[in-house]
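Pasting the structures here.
Look for chain A in each of the two complexes below; its partner is chain B in the first and chain C in the second.
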Partner chain A sequence: MIRIFGYSLEKKPTTSPIMEFVAVLIALLIAFGVSALLIASAGANVAEAFRSLLRGSFGSRSAIAETIIQGTPLILTGLAVTVAFRGQLWNIGAEGQFFAGAMASYLVATSLPELSRVPMVLTIFLAALIAGGVLGAIPAILKVRFGASEVIVTVMLNFVVLFFLSYLLSGPWQDPMSAFLQTSRITETARVSRIITGTRIHIGIIIALISVVVVWFLLFKTTLGYEIRAYGINPIASKYKGIPPLRTIVLTLAISGAIAALAGAGEVVGLHGRLRLDISTGFGFTGIIVALLGRLHPFLVVAAALFMGALWNGSLAMQITTGVPIALAYVIRGVVLVALLAAETLTHYRIRRVCDE
Partner chain B sequence: MTGLPDHARPILQPILQVENLTKRFPSVLALDNVSMDVKRGEIHCLLGENGAGKSTLSETIYGTYLPDSGKIFFRGAPVEIMSPKDAIAAGISIVHQHFVLVPPLTVLENVILGTQKSGLYMDLKYARERLNELSRNYGVALNLDARVWHLSVGEQQWVEIFKALYIGVDLLILDEPTAVLTPQQSERLFSVIKQMRDEGLAIIFITHKLKEVKAVSDRVTVLRKGKKIATVNTKDVSKQELANMMVGRDVVFTIERQDMPPGEVVFEANNLRALNFHGEEGLRGVSFDVREKEVLGLAGVSGNGQKLLFDVIVGQEKPTEGSLKLAGRDITNTTTSKRMKLGLSSIPEDRIKEGLVMDFMVEENLILGFQRREPFAKGKTLVNQKAIRKFSKKSIEDFDIATPSSKQISKKLSGGNLQKLILAREFSQETKFLIAGQPTRGLDVGSTEYVRRRILEQKRKGAGVLLISEDLDEILNLSDRIAVIFKGELMDIIDVNEADIEQLGLLMAGIQKGEEV
Partner chain C sequence: MNNFFQTTIIVGLFASTIRIATPFLFASIGELVTERSGVLNLGIEGILQIGALVGFLITFRTGSHWLGVFGAGFSGIVLGIFMGWMVTTLKLNQTVSGLALNLLAGGIAFYWFRVVFADVGAENLPNLRIFQTARFPILSDIPYIGTIFFRQQWLTYLAFLSVPVVSYFLYRTRVGLQLRCTGENPRAVDMKGLSVAKHQYGALAFGGFMAGVGGSFLTLASSGMFIPEIQAGRGWIAIALVIFGNWIPWRILVVALFFGLIEAVQLTLQALNANVPHQLLLALPYLLTIIALCTAAGRSRSPLHLGLPYKRE
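Here is the complex of A and B:
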């Protein structure tokens, strides 16, 4: 307990949902306050910057569509992190899992070119699920068998995957017609893009929305989801009541990895049609913020993902009109995360007068 | 009785006066306008059920907590005790309910630690002399060079007490000191603190056991739910009166155990050996069996292997040697969930850590461990919400769980209701063998009664029960046979009709029948 001038900061046993909502709002306000200061210090007009940020994210039909496009992979990585965090398993590896899914997609598209569209796309997403699942299971097994922290293993696996991909892109998989680190375009039968005319909205959003329902169902309507949540809140009691740690941890992280991989597959199949290192703007990491902002609830994750997508696109527009560098978007994301974590902690405390003097 | 008879002791001004003390914690009003006083040369009991506010009151006097309002007078003058440092300086010391010793250090180092006035230099020689003098005076042997983690809990308590004496106190507070002692050790403690009283110390002795109040105190202040009920002269009240004050209604004291012919052997432990948390052998060849319709009580001072035995039986720790049999099957190498399916029900000692998911709703906790079984699951994979809701409504009613709804978050329930929740869950399957670890520890009198009745009901229905408890009265009231555990070994197993407290106490201290005390 901290005590200053007759006031004390005390831990509260419970918090109300309203308080949590208010805390998120305050966190966002703080984040924008800090951003405003940064914009001003970069020498730009704050009001104009925010106006272009808004215009860039929601200002037109195409802006809204781009926000949805940007939010699509974030919904999936946000869900991936949600599943893991619900089980108190800190999966920081969604970025690597995203690329595992993207690589699996490319591999299927190029090695089975004779498949027609429906089996092709189904195979691609299946392959992505498997790739992400396997990548997710590795830290789980290391954790149960050797007590290795999943935080470190998942972070390290990001590097493994990214460096491996860099190698592939600069050699075996490199587009022979290009000097860039990228593959050639995948076959047309492996593409499902532009499902709404006039926009670039693609199959990813359908996959993402289906996943939202599936994750919600998994967490709250299946016995496995029950076990994941139980294990996440109290692993000791769960063990004492016979919930097996190995199965629970492996399944949780495998499912988490699989969902993150779907995001990568969606970007390849729906948007880019090829593999490059910059098909992710850090979706795996932003997924952590999305999951926390969405209070680890699948439905709220959608809103959080769209918000973060809007923020990204808005920042792009802001860069163009006011010259504030896009790096500011990263800064705002960071500030949102920190403010959120602080608010999260503070909702569990309250300030009270302790002595009448 | 040692020392002077009551009437011969001089009547002195109170050394401590507490006036209208109020202390609120986030969730409860722990002290509500409490006033009391303690005199020199008096042992003053603070009596109350768990959660009554006894520890809060003493920790407030000691400066661990600041009161929200109220005044404290010491030696007739108002004092501002802002921290334990102020309390120590004034001459107030406490032996906490949970000790604060540093296990790797020796007894001597522990006593000096935090008691020396200033500087890095420790006057070990002086401290050693002073401590030897104290231990001679009170006739308590204390090995000053032993590392604290080698000592039994009872011995650690002496270290705490001597630490207080070493600093020099006028008011010594003992917070539930007998919770970790055998009956004989308690007797020993009583005679020592009586000697201290006769030497003029004021002593606050906290307990929730009526017997101890009668045995040791001059006056007693009863607390209930943060309120002071009364302060009375101990010799003017009966135990029954004290009990009624403490609980606030008439109390039924004992639950009648029923003798019934036991059935087949339902559980067997053969020569169990296992390593504890420290990597030492915590179970050293434990063998016993439990029959249907029988309660085997396991008595012992805590920390003698009870917890490890519990963990081995439910399948959370592997024995290094020996075997377990449940309902005729060897279960030595089976998983916890397999054992549960064979009819093992368990009430863990630490219900919050090991028995419940506190952030779960009541209805979710009611199926923990059974989530894949019919009817709570459809085909093992899907949650059957309807069946769960129905079961939880019924459980809340049958087990009298006080909760506004089955969707209530479990951590809002009181200790007694949490324990009822666990009982409802564990008894939802046909229980062949029940292992209960300290099932009534920390519960109020009402819940305690209830839990005991439910355990006996399982016995009547045909279950075998292993009851692990530190409360000898509980063991004597519920068990058909009593095993005593000491340092990982069963000292003896005796029929309850042949057991007496004296003998059990000796066994708990590791002394066999006929041995020299």
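Here is the complex of A and C:
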């Protein structure tokens, strides 16, 4: 035990929410400091860079709208990761599941063009749920059946999905009028964009907010949610308690995959109207940080997603005005996560006044 | 004529098998040592990328390939020790820490590359002359055999040499025994008065060094240029190879060569304009990794204390 001037640093039995908040704050401060250093090392004016970062993320009505748009898929991928990580199942495949949802949307929109808007959009999101659920269930089944690590399987599936998509985009699904790797635009009845006039905010945000409530209810108000969390805390004890591991693992990862796929469908239906490889800026991976920054809690995930969305848009503005590459957003993303993990250990300690013997 | 053509293709296939296996071998032999100490380093993918970039930048500036390799290895050591700080000192969850290291390293590599080559478009990325391949008197001139075995990169010979060296270290030296024991039963190591943390830091530094050097192979001995995500999942596959090789050095050598062969077949089919879309061929190694994991998991036994932080009661 460390003891200085009558104060001691000792381990706490429990952590308080205030300390958890402090940990997040410390992490953000560290990320702020590191990004200042990096901006300076790129030869740009730090103050000016931060000003344009702020302006680009919250500076105007349209900037705020764009932050919400950027945050929309992140809410969903963050929720997807939250569900999986709550069960200590490491789904790193949200990126692939995102594209599975996007591909399912395109498939429905092009193969059922006669549907009118409401059944069309419902079918699209249903198809995305199924595609993501199936893709999520694969690593779960392989884990239970063969003991294959879900971390590596989900990472590998990301590559497989992306290569499959780039194959589709360079051949069967390629827009015949275009030289780019993209599909043609989907039919207008499959689009629900610009739900708030004057902005590009789209149906995705509604899907995302509904999902937040559903995931919250699932995790904290249902038996399955209890089983997921119990499995996450102690898989062996939960097995002896009669919670079947196969069902829990498969359901957890299938639900996780399905939610990530909704993000992909939302981007196609609401924002882009077509399929391209760059409709994701790494939403699946940023989702991991969103989930952990949001303390694996659905409501906090929304705040974390908007923060990461703001960071991306702000970095974009910063790149335009100061020339600091947008890649900075990826560094900050990593620094936030590492700093958060490190700061978390702080929450397990307390400083206490002790009397000298 | 046709026969000559076939022979050339087959010789080329085996020569590239050995070449392609090199970065896998560096990364997985390093990861093997790390995992034997009880630490699962999922950050290998990120270290490969940093190694690839650091090696490239140093060689690009100084003209010395070996300086690039050492720089890459050193950057790997730094990242390995950083991982050690997270999982050994702070005792954070190893899976999450590894993911964090990956995301951080990937971000740094991407940013650094963009800052250094700010005004360069995608079409004229800087490139450099790669390492010259080794030449041995007489041996290199043996038909077929010479091309396959004796005209490889020096780094490739180093990677293959690391297998017996690490095997000797793990099974025939005192420190190697202590290291394996740290992964199986850290309490016993602790009760002997030895430091669990020191062994794990050392193993992570070595694993980082190997991954860093493996990354530099990609830029300095293979492509001659750096692009973000150049490692393309090799770090993850290397982790799978350790499982597939059942945490035994020579078995890892065999499975790394097997993966090298698959990649070489894939590349040859692409070059021959086989009637298969090349994206589907590119997906092959990743699918194979999944299959390998499924077949391996039942037969192999990981170090008992792998992935768990050691805490004194």
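Note that the second predicted complex is superposed on the first by the 333 of 357 C-alpha atoms of A that agree within 3 Å, B and C clash if a C-alpha of one lies under 4 Å from a C-alpha of the other, contacts with A are read in each partner's own complex, and residues count from 1 in each chain.
By our rule, contacts are C-beta pairs under 8 Å (C-beta built on N, C-alpha and C of every residue); 3 or more make two chains touch, one makes a residue touch a chain.
None of these values were measured; they are calculated from a predicted model.
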Partner chain(s) touched by A:K241 [first = chain B, second = chain C, both, neither]: first
Partner chain(s) touched by A:L337 [first = chain B, second = chain C, both, neither]: second
First, second, both or neither for A:A303, with chain B first and chain C second: neither
First (chain B), second (chain C), both or neither touched by A:I206: neither
Touching partner for A:S41 - first (chain B), second (chain C), both, neither: second
Touched partner set for A:L224, first chain B, second chain C, both or neither: first
Touching partner for A:F146 - first (chain B), second (chain C), both, neither: second
Winner by number of chain A residues touched, once chain B and chain C are compared: C
Set of chain A residues, in rising order, touched by both chain B and chain C: none
Residue ranges of chain A in contact with chain B within the complex: 3, 10-14, 220-227, 229-230, 233-234, 236-244, 350, 354-356
Chain A residues touching chain C - in the complex, by the definition given at the top: 38, 41-42, 90, 92, 142, 145-149, 151-153, 155-157, 159-160, 163-164, 166-167, 170-171, 285, 288-289, 292, 323, 325, 327-335, 337-338, 341-342, 344-345
In the complex with chain A, residue positions of chain B that touch it: 25-27, 66-69, 314-316, 335-340, 346, 348, 353-360, 364, 368-369, 371-372, 377, 380-383, 385, 409, 411-412
Contacting residues of chain C [partner chain A, same complex]: 42, 86, 90-93, 95-97, 99-101, 103-108, 110-111, 113-115, 118, 232-233, 236-237, 239-240, 243, 277, 279-280, 282-283, 286-287, 289-290, 293-295, 297-298
